């Protein structure tokens, strides 16, 4: 029996259209728009001014606090303006506009392809490098990596788990990265392992990627500390809590941090970025993005500089089809529908998904028939139908009592509901409201 | 701003499941039992089932359209299912007018007074059935004997059911194999345990229902009747095959709306039904107790839902 | 005869035992309640709107009885008369408060604000606001899903399907503030009802820079500050590219309305200059010498 998490879960159709497509490098944009808030936490503070010349890898903005991340230029050229740009959610957010001129990199970056295995840095120095490079969780949550690598006092890490699950349908970026940069990922894993001083690292891969499992197993044979763990295909296995449960059979206590189980989870893309940052001195300014969709001519995996507008990526894969009604940044289960394709790529953008008009609209909701399929699907063991009703009645006490704060917003409930009820919409609202109530209570 | 995109919260895909798919799935699972009753009771089974379905759908339509003034939702299949289940719970020689009254009670009182699909507390088909049983005890308990492909409807030959005979303390002549196949007297859809089990297997494979309710009912009923009926294994086994036990456990008790929502709750509910059924069969006035047991546990469902919560991830013991 | 005796006796016994049990249970679970609570509840409107900030009229009554003074306590529905009655019951003083009315500060009608995308989620403002900026380029404006309408206990606010914006019926509005709390965009404000219900307000909450705001909505406040310069009473402040009229200082001279380049400043219930279905109002206010109001002088507030 393959390992998997123990509660709930669903099986959305995988639709990995771009699987096996070699990573192509996307063209440089004419103007890169680099958002100052590409991570969870405080926005970064700009350290360049209009008219400044920048190179690829130049620091553009300094982290605005401990939970924040540095932002580096992904292109070389002149800072055109520091203004606002429309983000994925349609809000105006501060951003740095850079007019691209050529492709000149900072001299400190090692651009060679040679694999550098040796590293003499100690754990503190590694975390410092990661922090300097502005690395955030590349799975989509964009939580600054150095924060997770600095366990809070009282907590000790015992195991590193690398998340190569890629349970979101359609997305293949991590899969392809493992196939092409497996050796680098393993070095990155070793660095992360060193950074948190643990003996063991496990790379969790769902068994719908047998080639990646075989490839990584072969490479990992040289590392006694790294284990490849094939996992049964089930959504949302890529959720941090679910992955820990699947791999080491320990559940993060309700309301607690994942570190309470002794596990630190990092995405496989993050491991690669860590390798580049520590061994090649290259900050995080590009990432692999899966551009896909049933109607798209050439679903691909692209290596994209942060700040490239989404429309340029879509054009590189055959252009936006006429019948497109929805464009999603991320995967279909947790991604965000974008307002416009002019929005720039950010560090957290793992995919661009094109949805045809046939599938883009929700069906009309009907009455709840209490079939409890949402309860069976919820990986956190909540009762989404009860939460939705309580939220609708604004009964916040009840919403809190039903443990709304445990929700990981994976969308399994809405996915599975035969009555097409927008369960997650309401649960999310309830979670936001109860979160605010709890914060104001704690402030007192 | 080139194109007017659609923006909606995640998730952006759906399983494709729908309420009507669930309902039609249950209907498909009922086909084997229907075929057996067509064979055993002939034209009567067809007339009763058709009347019941048409009446239920018509009443649902009329009530939604003219009384509740909402968009009729008869296409979701729930009224058809209620109709079929009501028909399966009555004898095949029941006069048409009684069936229509049953359908009116099932849909009108059992379902629509509570606000329609999803809000009813009691299984509508059983409300209709129990109403008929109390109002027309004679017609509801004259069971036709199986007569393969008979063309007799109201004038079918009748006899007591094995369950009725047991109640009177008479010996039961029917064989266990007859009970499995359906060669016994009884309500229209309940006679063949095998056909009902095929339907159960289908629903399990299609993931329409889970095993918890039927299995807990059957196991409880078996164990309990084994204990109270003098440790007789075959007798206890026959209790499972006779009367509405299989039909009730597989199709009536598992009704989404009126059963608990968590696996643990489902097992408590199933145990309750199993116990009550055997208690009524053994000590009550009626030979059959399945309908009453399910209705009683339906009433307990909100309470079970309130106190039995799903097993949470990373639950912290206080 | 025995039968009758047995029946009478046994029933009597059951009755007596039940009475004793009930008595003790009632004693055990008795909750002391100030008798004045009930009196206060009686004079309250009983709408349980929550406008006072307490859970329903009962909660408000309990809070009034407990409080040492009635300062800051107001039943927005009953207003001053009810507060006076409460003060009478409790033997306390009551502070006067001017009547308020809800004002919707968005004029992003379908014509003024072009749709750039289509929302396809649960029809609920709070959910849509949590998800993204909204269907138009304006990320501050009304979403039009009617959370305010659902929050109103008095049927005083309705979303107009033509404009997509909520409209307040000032006859029915009690100023309870339920809609203010319900609006996730904080567009609705409680403002002084004003003399003869005449009010001036900036009908926009867009804090984007002028050009961005203007591009998203033709009726947006672009923060140009002309109104602030024009105002003789210093009632207008411009902050974050948005003008705001302080209704305590505003003297309803309507000069600001005349200079506003986008028509973002609205005046309500002033006698119209053009003869367009005028309400039988008192003789014209001395100050009103300029262009007509943007909207018909109904309850467009």
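To keep things simple, chains are lettered A, B and C as they appear, and every chain counts its residues starting from 1.
The rule is short, and it goes like this: a residue touches a chain if its C-beta (ideal position, glycine included) is under 8 Å from a C-beta of that chain, and two chains touch if they have at least 3 such contacts.
What you see is a predicted model; the values in this text were computed from it and never measured.
Averaging Cα atoms per chain gives one point for each, and the point farthest from that of chain C is the centre of B.
Comparing chain C-alpha centroids with the centroid of the full set of protein C-alpha atoms picks out A as the closest. Looking at A-C and A-B, the interface holding more C-beta pairs in contact is that of A-B.
As a whole-number value, the distance joining the C-alpha centres of chain B and chain C reads 51 Å. Centroids built from CA atoms put chain C at 41 Å from chain A. Inter-chain centre distance (chain A to chain B, centres taken as mean C-alpha positions): 48 Å. Across the assembly, chain A contributes residues 90, 336-337, 339-340, 360-362, 422, 425, 428 that each touch 2 or more other chains.
Residues of chain C in contact with at least two other chains: 116-117, 120-122, 127, 131-132.
Residues of chain B found to touch two or more other chains are 1, 5-9.
On the side of chain C, the complex with chain B involves touching residues 115-122, 127, 131-132, 135, 137. Interface residues of chain A, counted against chain C in their complex, comprise 84, 86, 88-92, 336-337, 339-340, 360-362, 422, 425-426, 428-429, 432-433.
Taken in their complex, chain B has these residues touching chain C: 1, 4-9.
Contacts from chain A toward chain B in the complex involve residues 7, 10, 12-13, 90, 169, 241, 245, 251-256, 311, 320, 324-328, 332-342, 353, 355, 359-363, 366-373, 375-376, 378-383, 385, 403, 406, 409, 411-412, 414-420, 422, 424-425, 428.
Against chain A, the residues of chain B that register as touching in their complex are 1-3, 5-15, 17-19, 21-22, 73, 76, 78, 116-119, 210, 256-257, 259-263, 309-316.
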